[in-house]
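Just so it is clear, A, B, C and D label the chains in written order, and each chain counts residues from 1 on its own.
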Amino acid sequence: MMKNKISAILNLKEDDSKLLPLTEKRSISSLPFGCRYRLIDFPFTSLHSAAIDSAAFFIAGNGRSLHDHIRSGASWGLDSSIGGGLFPHTETAIREAVEMSKADQINSFYHDQIHYVIRSKSEYVVMMGTKMLCNIDINALLRYHQEKKADVTVVYKNMVQSSCNASEDETYLLFEGQATDRITNLVSFDKLEADKDKAPVNMDIAIMTSKKFVELATQAGKSKLRSETMLLFKDHLDEITVIGYEYTGYLKNINSIQSYFEANMDMLNEKNYNALLTRGNSIITKVKNGAPTFYSKDAKVKNAQFASDCLVEGEVENSLIFRKVTIAKDAKINHSIVMQGSQIGSGSSLEYVILDKGVKIGEGVHLKGTADNVKVIKKNTVVEPERGVKA
Amino acid sequence: MRKIETLAMILAGGQGSRLGKLTKEIAKPAVPFGGKYRIIDFALSNCVNSGIKNVGVVTQYQPRELNKHVGNGEAWGLNVHNGGATILQPYASVDGEKWFKGTANAIYQNSSFIDQHNPDYVLVLSGDHIYKMDYQKMLDFHKLKKAALTVGVIPVPIEEAPRFGIMNTDQTDRIIEFEEKPEKPKSNLASMGVYIFDWALLKKYLDEDQSKRRELEDFGKDVIPAYLGNGENIFAYAFTDYWKDVGTIESLWEANMEFLDPTHALNIRNSDWRIYSQNPSASPQFLTETSNVTDAMIVDGCYIAGDITHSILSHHVKVGKGSIVENSIVMSGVTIGENVTIKYAIIGDNAKIHDGAYLVGKEKEIMVVGYNEEIGGLTDDEK
Amino acid sequence: MRKIETLAMILAGGQGSRLGKLTKEIAKPAVPFGGKYRIIDFALSNCVNSGIKNVGVVTQYQPRELNKHVGNGEAWGLNVHNGGATILQPYASVDGEKWFKGTANAIYQNSSFIDQHNPDYVLVLSGDHIYKMDYQKMLDFHKLKKAALTVGVIPVPIEEAPRFGIMNTDQTDRIIEFEEKPEKPKSNLASMGVYIFDWALLKKYLDEDQSKRRELEDFGKDVIPAYLGNGENIFAYAFTDYWKDVGTIESLWEANMEFLDPTHALNIRNSDWRIYSQNPSASPQFLTETSNVTDAMIVDGCYIAGDITHSILSHHVKVGKGSIVENSIVMSGVTIGENVTIKYAIIGDNAKIHDGAYLVGKEKEIMVVGYNEEIGGLTDDEK
Amino acid sequence: MMKNKISAILNLKEDDSKLLPLTEKRSISSLPFGCRYRLIDFPFTSLHSAAIDSAAFFIAGNGRSLHDHIRSGASWGLDSSIGGGLFPHTETAIREAVEMSKADQINSFYHDQIHYVIRSKSEYVVMMGTKMLCNIDINALLRYHQEKKADVTVVYKNMVQSSCNASEDETYLLFEGQATDRITNLVSFDKLEADKDKAPVNMDIAIMTSKKFVELATQAGKSKLRSETMLLFKDHLDEITVIGYEYTGYLKNINSIQSYFEANMDMLNEKNYNALLTRGNSIITKVKNGAPTFYSKDAKVKNAQFASDCLVEGEVENSLIFRKVTIAKDAKINHSIVMQGSQIGSGSSLEYVILDKGVKIGEGVHLKGTADNVKVIKKNTVVEPERGVKA
């Protein structure tokens, strides 16, 4: 009856330096996205869809912003006290710095993971992050893993090679041959064969048996490897069978302001909106009580998305508007992202702008970025006309 | 024995037959309202906002949707600290099988539940009105007056008074007479169906009645006259804010349209007196390139490619290109195809309106499409 | 539309009148058992342990205690991942007010609930038996046999067979005949009240019956004969572990005493097949200097200063100095004074047994003290 | 309607060095106590009884053992998503060490507390720990605080002075005069007047308005004070009105193995058992599913307490037995504490012993401590006969 029980490890120690100032007080996992989500909602929804009720996460800082969103985990069925639950591990950065120097001892990161997996009594472990934004079916992944009798199965997406850019934090898979999905190496973009038209990007998602996980994590912990999913087996690709599983849905690597902006704008494309947000089970987030959004007689809206509890009296085009935003008459918003609780004064205009939460745009303020260089306004900033003009 | 001050009992058993199709399979308090609410949300939220955390919901007619909606009261923050919502249904006992006969009888049959909470006061509410009311203020009034019973009343235009139960009071707000739908009303104070009873006294009346005449079935018709006859202290507490009985299709439509007005007295955006409800997971609302949305309330999960004017759309409504929705209420999960025209209509949950359909009612003759109904489209033969 | 494989429907509406005082105010499945359980815990836990997470609990008679106990199924881990327990009660509809008439009728009247879950199979259970059973194995058997209906059966001593519904099978386990309480039984395979139905087929039978004869009220009396008559595939699945019907005071007492035996087949300490229940907060059990407790099961919150032998004491029982409890079941919240003698008795929840009381039954004539009853002590005059 | 809303700060950074080895992998707050509790259950129950549904706690380490017990906080009504919730702050020791050196900045401990209190929208803040084991009525404390119009109210218990011992970590209150409850100083035991018969011991519990808290915490944070409840106002006793509230129930300072042992043994006294465990609302702990405890025909039990799911075939006297303990025939347990899951072999004996969780005592093993020097056996130890004889 407990057949195929899966536990989950979420590695949320992701590099967020290129997402500043949005990540000043939050991790990538708690970045607001798509009018009403946080990035953590995507892996959590995947867990829920696969009936996984136990997860441990590891985060570099204090995880305050993430905790405020997750709370008991009840929204995603992660609050079970019978066999499940959510196990937060915070401040891993400080602890890791201290422990990496101690020899002959599994560091606490791996120790905690092993401890969690053993206590969960699961048969399999799935490992994910939040930076690679996607909506993945873990049960299908598990079936593939079982069919292939793999030791480890890694998820990848075939990107069109010509549109791929060298990016320090992306790795690509090399396969044993043309017709096989056995992975022989993980390499940077420039190591790919130039004549191929597809680049299989590693999505940093892996599944394996709990037994295999404990084995690999014990090795990695003893060798003082940095705690990243792929480092668990990267050096063992010739000893164990690591298989690639192709994902064909929406994928975006949220590693910079630019890619974050693009991913949001992608949602205005109906195909992406359906692929990421409404495919299979729709994405679960913490629900909030709020009134319906009201569009006044003067509202002019084209190709835009809104969360609830907004009051829209101005013009909005090609933009995403989060909860509790008010947009006064004669305000114009275009190609922008406006986060929760922001207030846009009348006669103002925004173009290629990201407003973090609670920003106040005064009357007649004009802010303008460009498609390649989006302007970001920090949380709770008040932008008065003179300042706007200066900008 | 643990004691609480006030237990609320929401009477949610009524069919509301004048709502026609909308109450064929669900009880009236469960009928959707204002885009994302159900009618009973107002009474439940009023309780929580008034600091009353123990609520019994008395059901009888088609209760499943209502039970699912109310659950353990978590959505209203009722599932905490010895509080909670409890669904109360008719049941069989060694004395036989019993349905609730009237408002007072419904309370009598649930008196063991009430006694478990051992309250000083029982606040009896009707589950089918739209209003925001602080019951705590009414309770303060009740205590101040040392009343045996306080009846919430609302002034109505005198010409409409013959439609209501009317309370005639003296200058101290003491009720001296009750008239059910009087032809020649002496006052314009209509009963809101909101009562505060001293539980010990009410229980005495109901218990004694049980062993004698068994006539106290209804509060208005039976209990108030009995109290008046015995000279009990009954007072009227006047409520003067917005209050609406949504008993007919037209009044339901009208109340929704009033709700839509951003300057309306109900002021749904006021966070000091929130109206809570269940909140399903839904994607953001998507207004496409071809949409034109004005004077409208839209809820998450909607996908709109058509024109919406002076209307309320609930969760997960899809409106195709070239379609027009005007002066209408569209409940959740409705799919509207392309080039559809909908005016002065109420479209029930999960209805399907196919391309080119034309559904136009009038202000005093609102068109209703029932839950899960399918309108237009190819017939089976044409497919 | 979402689909699940198996939905369990627990029939928990029976009064269990042969349990006398113990079922006067609560339904039989809610009767306490084994110190900290209620009878229905066994069926609910079997569901969870068999991987079935969607359970409807059909109630009718005195359901309040049962509703409170089952709640949303959280105690059994049912409130997760699109699973859940749902209490189903009789309700009024536009067609009038309806009570469930029999086992099959109870399923029929809840068919809209079942259809919401869209199951391949419906597992029908009785809520009043004590046993540990893996329904998944029975389901595997059902699929293997491509059965329309599989009936769980238990071999009983042939001399007891006339008390049961008896299935006569061929050598492939196919049921060829059903006899309700046969005088001269041809087999000893008694129906356990556990059925697996293909839902589509059962629904067809019940729907058609509704539009025609309306005779299919009971599974044993009506549905099985109808299936047999139409040559549907019905198989018997034999269960051979411990199974007990606790329909009488004596069988309830006996089952509790069997449960007490540490070598008993039910093996309550086996953590591979846990029996779950609600777990109230309680202080540790306190056995004082003057206590003497042997061959007994004791639950948290008990305070014991007397002698307990071969007995089960539930939560929060107090036993005073010099008192003797032997061969008895004491339910939760009971207060037993000093120098009391209790033998061969069942003491209901929250009863008060005053100093010096003498309550001695016999093995075949168990003495019962009802819930909240008060025995002995000063009369009002003496106080 | 939100009248008198109270938020709670639990300071769990308590010194546990004298409780080793019991606190090797747990904080004082998660020490098992009284057959079925953890020490955190006592303040949490007080919060629940006062209908407080929001709490932040601060703990030096990773809080793993505490989290395993608390989980979503649902058992104590601390999992509300409407206005309430439980806010864990872990690894404060490491963070504090780093931050104490930075000048001109409120350190994160106080910053987090202030942030929590403001966001809770509470009118009052109550601060507590777990080391001072008690069962306090917070509503009564609040009423007293309001009646006295105090800035801060501090809880104390009058101990009989002759039975008090100088203890480094206990402080005592000095009052303005004989008949007043205004506190003028917090002092160590030796600073008390020797002729008094009562010593008012500070219980490290305080209540104040949220406004006053923010004011005091901001000051303390800037002055780099160590984060202890009393340090908030200790230096301001002449500027603000700090009042003492007398607690008359059971109290024990759990600061050493000896006091921990005594507190457990105190529960075998019916007066203490009732005062601490069953007064008002009984203590709420995480409930576990388990069978009733079975006492066999051979069991001999006098003056002992048990949790459920035990199997008792031997002799138990003057002892406390936790969940899932098995005691074989002819085993003898006296004046001992046996924690969850331990197994006592036949013919063995324990006297003045504490067995941590999961200890296995082999057949015929004899372990003996004394009333003043209780023997502690570490978690999961297996004690075989030869070793027992040696001990």
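Note that contacts are C-beta pairs under 8 Å (C-beta built on N, C-alpha and C of every residue); 3 or more make two chains touch, one makes a residue touch a chain.
Keep in mind it's a predicted model, so treat the numbers as computed, not measured.
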Furthest chain, CA centroid comparison against chain D: B
Pair joined by the larger number of C-beta contacts - B-D, C-D: C-D
Inter-chain centre distance, chain A versus chain C - centres from mean C-alpha coordinates, in Å: 48
Between chain B and chain A, distance of the C-alpha-averaged centres to the nearest whole Å: 42
Set of chain C residues in contact with two or more other chains: 276
Residues within chain D bordering two or more other chains: 82
Touch list for chain C against partner chain D, complex: 34-36, 75, 260, 262, 268-269, 274, 276-277, 279-289, 291, 293-301, 308, 312
Interface residues, chain D side, partner chain B - complex: 1, 48, 51, 53, 77, 80, 82-84
Touching residues on chain B, where the partner in the complex is chain D: 49-51, 77, 80-81, 134, 136, 276
Sites on chain A touched by chain B in the complex: 34-36, 267, 270, 273, 277-278, 282-285, 287-289, 291-299, 301-309, 311, 320
Residues of chain D touching chain A in the complex: 62, 64, 67, 71-74, 79, 81-82, 85-91, 94-95, 98, 108, 112, 286
